[in-house]
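I've put the structures underneath this note.
In the two complexes that follow, chain A is the common piece, with chain B as its partner first and chain C second.
Let's look at the complex of A and B:
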């Protein structure tokens, strides 16, 4: 098992390195000159333009810049300073990351807390009104654009009812609409996923056996069906957590919520390379780590998967032993 | 299945009803004309006639675009609150009047412009500025000439300071006297201002004591001090009780007419509009006129808010690629395109909130002259469509145009206007392909003359000649021997240099430059856009500085019953 984890950690590092190279290359080759944006609205001479370009290290070739970037990021762990604000990028990210993380966490708790019971209920009452209601609900909320939903929520809860503030993060009330907006799609996804998982389990042999043995229906559901049905759901919830963290750009911008998404969007417009690279790298690392954790939880919950991992480690060990002899 | 469909239909109907209810029942807007918009509450920024109320508003909340640092450095700096917390040697109001702030107005004045606070002999490279001897910042540090030297040197060495390459040396002669030496006399239009009203003075000790070196906190000498700051969310300032300047010497910009000023960082205009309706903000500028209908006198929120709509001051121009590699390299082709550009139709198609123009100028600039609009050209042509068509056909024929599409490069947020332009050109037989990109992308594509034929852009500046320089100065290109739209006309460039100098900045020279532009079809101004400021009705005087930034502490308020 440990061998498996170490191997995954090694590949995680490789993935992060590849993401670093990829995002650097994309930003390098995509049209747009950060110096021109920095100087926009000002009259400047060509000498001054070149001076600023040099001071940002943008006058070097692709490989020289890439080398500098990889050295600074992966050896010195220095993500650089924002071109526009002059604030160290890591500092700006650390100020905003907890907000985005909490926004994602609340959203995932709500989407799982509502979506899974809805899906289970629908699966247990196939073709009943719960099931049909859920299908309609899921269809509507998966297809609603977040921007539109956010505006509608604002109109209703802020403008008409005056219950909630439209923007910011200073009070608990200010979090309600961004969290709702971020969770709606997740509720629908989790509900559909759970429904499908329950439908798959409901006719499984072990469930039929339990019923044949005269086990009470509630016990069949909660002790036999649910632990098996929810394993793939946990996997989906874990992955959607990573998506929710990285997908908050629209919501944060609409609700003026000062998180990573808003920071990335502002940085994109000004071609603030250090800020964009650091955010992308951080989000990629987060997604990879969450994936690893989900896989390990999956193995912990499902003995079949755990057995596979252990067998994989043992195989490796025996191969190594043969080579030595 | 039947019942399922029924449930579906009922649910969808319910969602639609809820949606409409939330939208206010799809309320229709009253037809508002240009006349209704521009000039409403027009006297709100009349700087010559301020009615002082003596009333101090408790808290004023202002919507502002997101800020990621509170740095005071950089000549293009417009960090929220900087103009309340920090101070420069001089300020300039919206009319272009220079106001001494840290400069001691009881001294100096021996200079060609008679501005108090500094001495300068014509022909000399030295400017001697005197500051007050009782300036203290919010940390209690005494601000002296050494701090002026520190601030100028720091800004020069570490921030974006275009136009500052003329600064050779700054030295403190004593505690209140600073001598500036420049590489040449500041005789260009706006050159003196660029050096003296764009550097906030910071106390060196305060800068050293700040853990972030004033990136995350504000310690200045201004009438307001920082109370709280949440990066990316809000900044709260409070009237500083120990403000150094004597009350009788405080200019309008240094007034403390609000107890607290809260800047809320909201980028989305839609969110700002909602925030107004939910009573969360009191002032916001930079709102597109089309989004202000609810706040007009006849609007739903007209009893709480006012709207002041003004010409945005930008030149919205259509550039044609004058390179030989472009179809528009032929002057006849350019004239055909410009004559085909029916600006009245364009204004109508884009919502009617923009204002018509007759020349490559803008009447909001102090160096504008009405004679610019009298030059006969494609820019002033508003004749009947048949006449326009005949002119376009004549030039298209002379250019030998065979219907090949022109590549229209534009920034994606301008898509509506560009679509209208393409349709208008199409009416006259000029076809276009379009390519949308962002600001940075456009700048990069412009460098390749084979990639584009038409570009639509906007230019700003305090003076007309600055706008012209932004658009046409050879210094804006890497090669430095042509304009961004590939004009290699040395005579026209020399004329541009001339009108940018204080001596050559005459209406006559400006007319000459414009005439050459029209003769060679180098550019065209399409319209003058309008912007709006929405503000609560307890405000009766809106103070904006020369950068058009609202200074809430310098605005005048009055008590509103029930407030």
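Let's look at the complex of A and C:
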């Protein structure tokens, strides 16, 4: 097991390094000149332009810049300073990250907390009114675009009713609409997934075995059926957390919610390389770490998965042993 | 077995039962009403649908135990599955009985309704889609079809246990095998954890699995070992009736022999009655005292093993034996039964075997059911030609 974890951590580092190189290269080759954007709106001389370019280190060649970047980021852990705001990128991110993280967390909790029970009840009462209702609502929720729903909500609750603020994150009220918008698709997805998983388990042979043992129906459901049905669903929810975080871009911009997503988009517009690189790197790391944690939890819950991981380590070990002998 | 008196059914009686049966189908509406009334009751037993809510009262108590010596007596059992407007007539009025310590073989093709019969006896059929429409199952003198669910819970796993067909899927993959056996032990006995664990380990050792493996999970066992675990689970509470549903079908031949030997051995030691479901006539010949030949959910022929094996009367039974290779016969080809089993959603009128039967005549496909004829004491045949001529 530990061997497996170490292996995964090693790959995590490799992946992050690759992402670093990739995002640097993409930003380098994408057209658009950050210096021009920075100086736009004021008249400047060619010398001043070159001076600024030099001060930002953008006058060097690709490999020199890449080396510089990798050295600063991975050896000195310095993510640089934003071109536009002149604030250290890390400081700006750390200010925004908790908001995005919380937004994602609330959305996940709501989409799992509402979606899974709905799906379970639909699965247990197949073709009942819960089931029929769920299928219809899930289809609607899945097909509604987030931005459209966001606009409609704003129109209703902010413009007409004046209940909720349209933007920001200052009050708890301001969080309501972004969280709803962000979790509505997840609710539908989770509900459909858990419905399918429950339907699969309802007819499973081991459930019949449990009934044949004289286990009471409640216990059959909660002790035998639900763990088998829901472990994969919860695993999927965990893995979607990372997606949720990076998927807040639309929501954050729609509601002018000062989080990472908004920051990334703004930085893209101004070709603020350090900010973009740091955000992407951070989100990639976050996704990889969450995936690892979710996988480990999955292995802890399902002995079959755990056996795979252990066997994975053991095979390596035995191969090493053979080489020695 | 021989002195056992099973009433031979006259055609009129059959007709009467048929009418009763028809009435029962109309009970569907009453049942819906019952459900409304029984809401609070259903909460008590189960949140999920079906199992807790089932109303045993649906099948009226019109059946009486025929012979108090019978430990298991199944009378006119009718089970239907409903799916997408179609009704699958899985079991159509089957009756058989079994005394303490005896083994009865339910023999038939795939889809003949054998497993449904076993699950109906335990009342673990999924409802919906399955419904017991008629009939009675007496175990130790009580009609299980009339029994409230909470009493049924005490019987399942303790008095009646079942060995399932496919050991690969019959165990919960997330629970250690020890925990799964211990679950049934703890439900039916007032043991402390240590006592239950000890009992579990003993059961594992009895089926030839070292006790150290009780903490392992099903995926760590081979198919034969899993079936042993399933058997240990079934026998953990010394059941009086064991329903073995093709216990060896999923296993390879050498393991089959081991598992069968073990089941027989345990049965003899614990004096358990057993219903063995199989399509393997060899297994029946070795294991069973009585045999019921099942076709399209009906008993085509039933009787003591020797009666059936030495003096088969029904054309279907003869066909089954005809499709077995014989050691003392030089013929190059086997003679299979031509055709396919009938579609259970659209059973033929009269005798369900008539379309495939070499002896069938017009009378076989008339609407009236074929009466059961007692050709020799305890040997019943459901065929118009039974006992009339020698084929």
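FYI, the second predicted complex is superposed on the first by the 324 of 325 C-alpha atoms of A that agree within 3 Å, B and C clash if a C-alpha of one lies under 4 Å from a C-alpha of the other, contacts with A are read in each partner's own complex, and residues count from 1 in each chain.
By definition in this document, a residue touches a chain if its C-beta (ideal position, glycine included) is under 8 Å from a C-beta of that chain, and two chains touch if they have at least 3 such contacts.
Since the model is a prediction, treat every value here as computed from it, not as a measurement.
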Which superposed partner A:74 touches (first chain B, second chain C, both, neither): neither
When both partners are placed on the shared chain, which of chain B and chain C touches more of chain A: B
First, second, both or neither for A:101, with chain B first and chain C second: neither
Contacts of A:304 with chain B and chain C, given as first, second, both or neither: second
Contacts of A:132 with chain B and chain C, given as first, second, both or neither: first
Chain B versus chain C as contact partner of A:28, first or second or both or neither: neither
Complex contacts: residues of chain C adjacent to chain A: 45-49, 51-52, 119, 122, 124, 126, 153-158, 161-162, 164, 166, 169-176, 183-184, 187-188, 217, 219-220, 230, 233
Parts of chain A lying in touch with chain C, wherever the complex brings them together: 124-126, 128, 202-206, 208-218, 220-221, 224, 227-228, 231, 301-304, 307
Chain A contact footprint on chain B (complex, rising order): 4, 7-8, 11-12, 15, 18-19, 21-24, 66-69, 71, 73, 75-76, 158-160, 162-163, 165, 212, 215-216, 230-234, 264-268, 270-271, 274-275, 277-280, 437-441, 443-445, 460, 466, 469-470, 473, 475-478, 480
Chain A to chain B touching residues, read off their complex: 30-34, 36-49, 52, 82, 84-87, 92, 95-96, 129, 132-133, 136, 140, 151-152, 154-156, 158-160, 162, 165-170, 253-259, 262-263, 266, 269-271
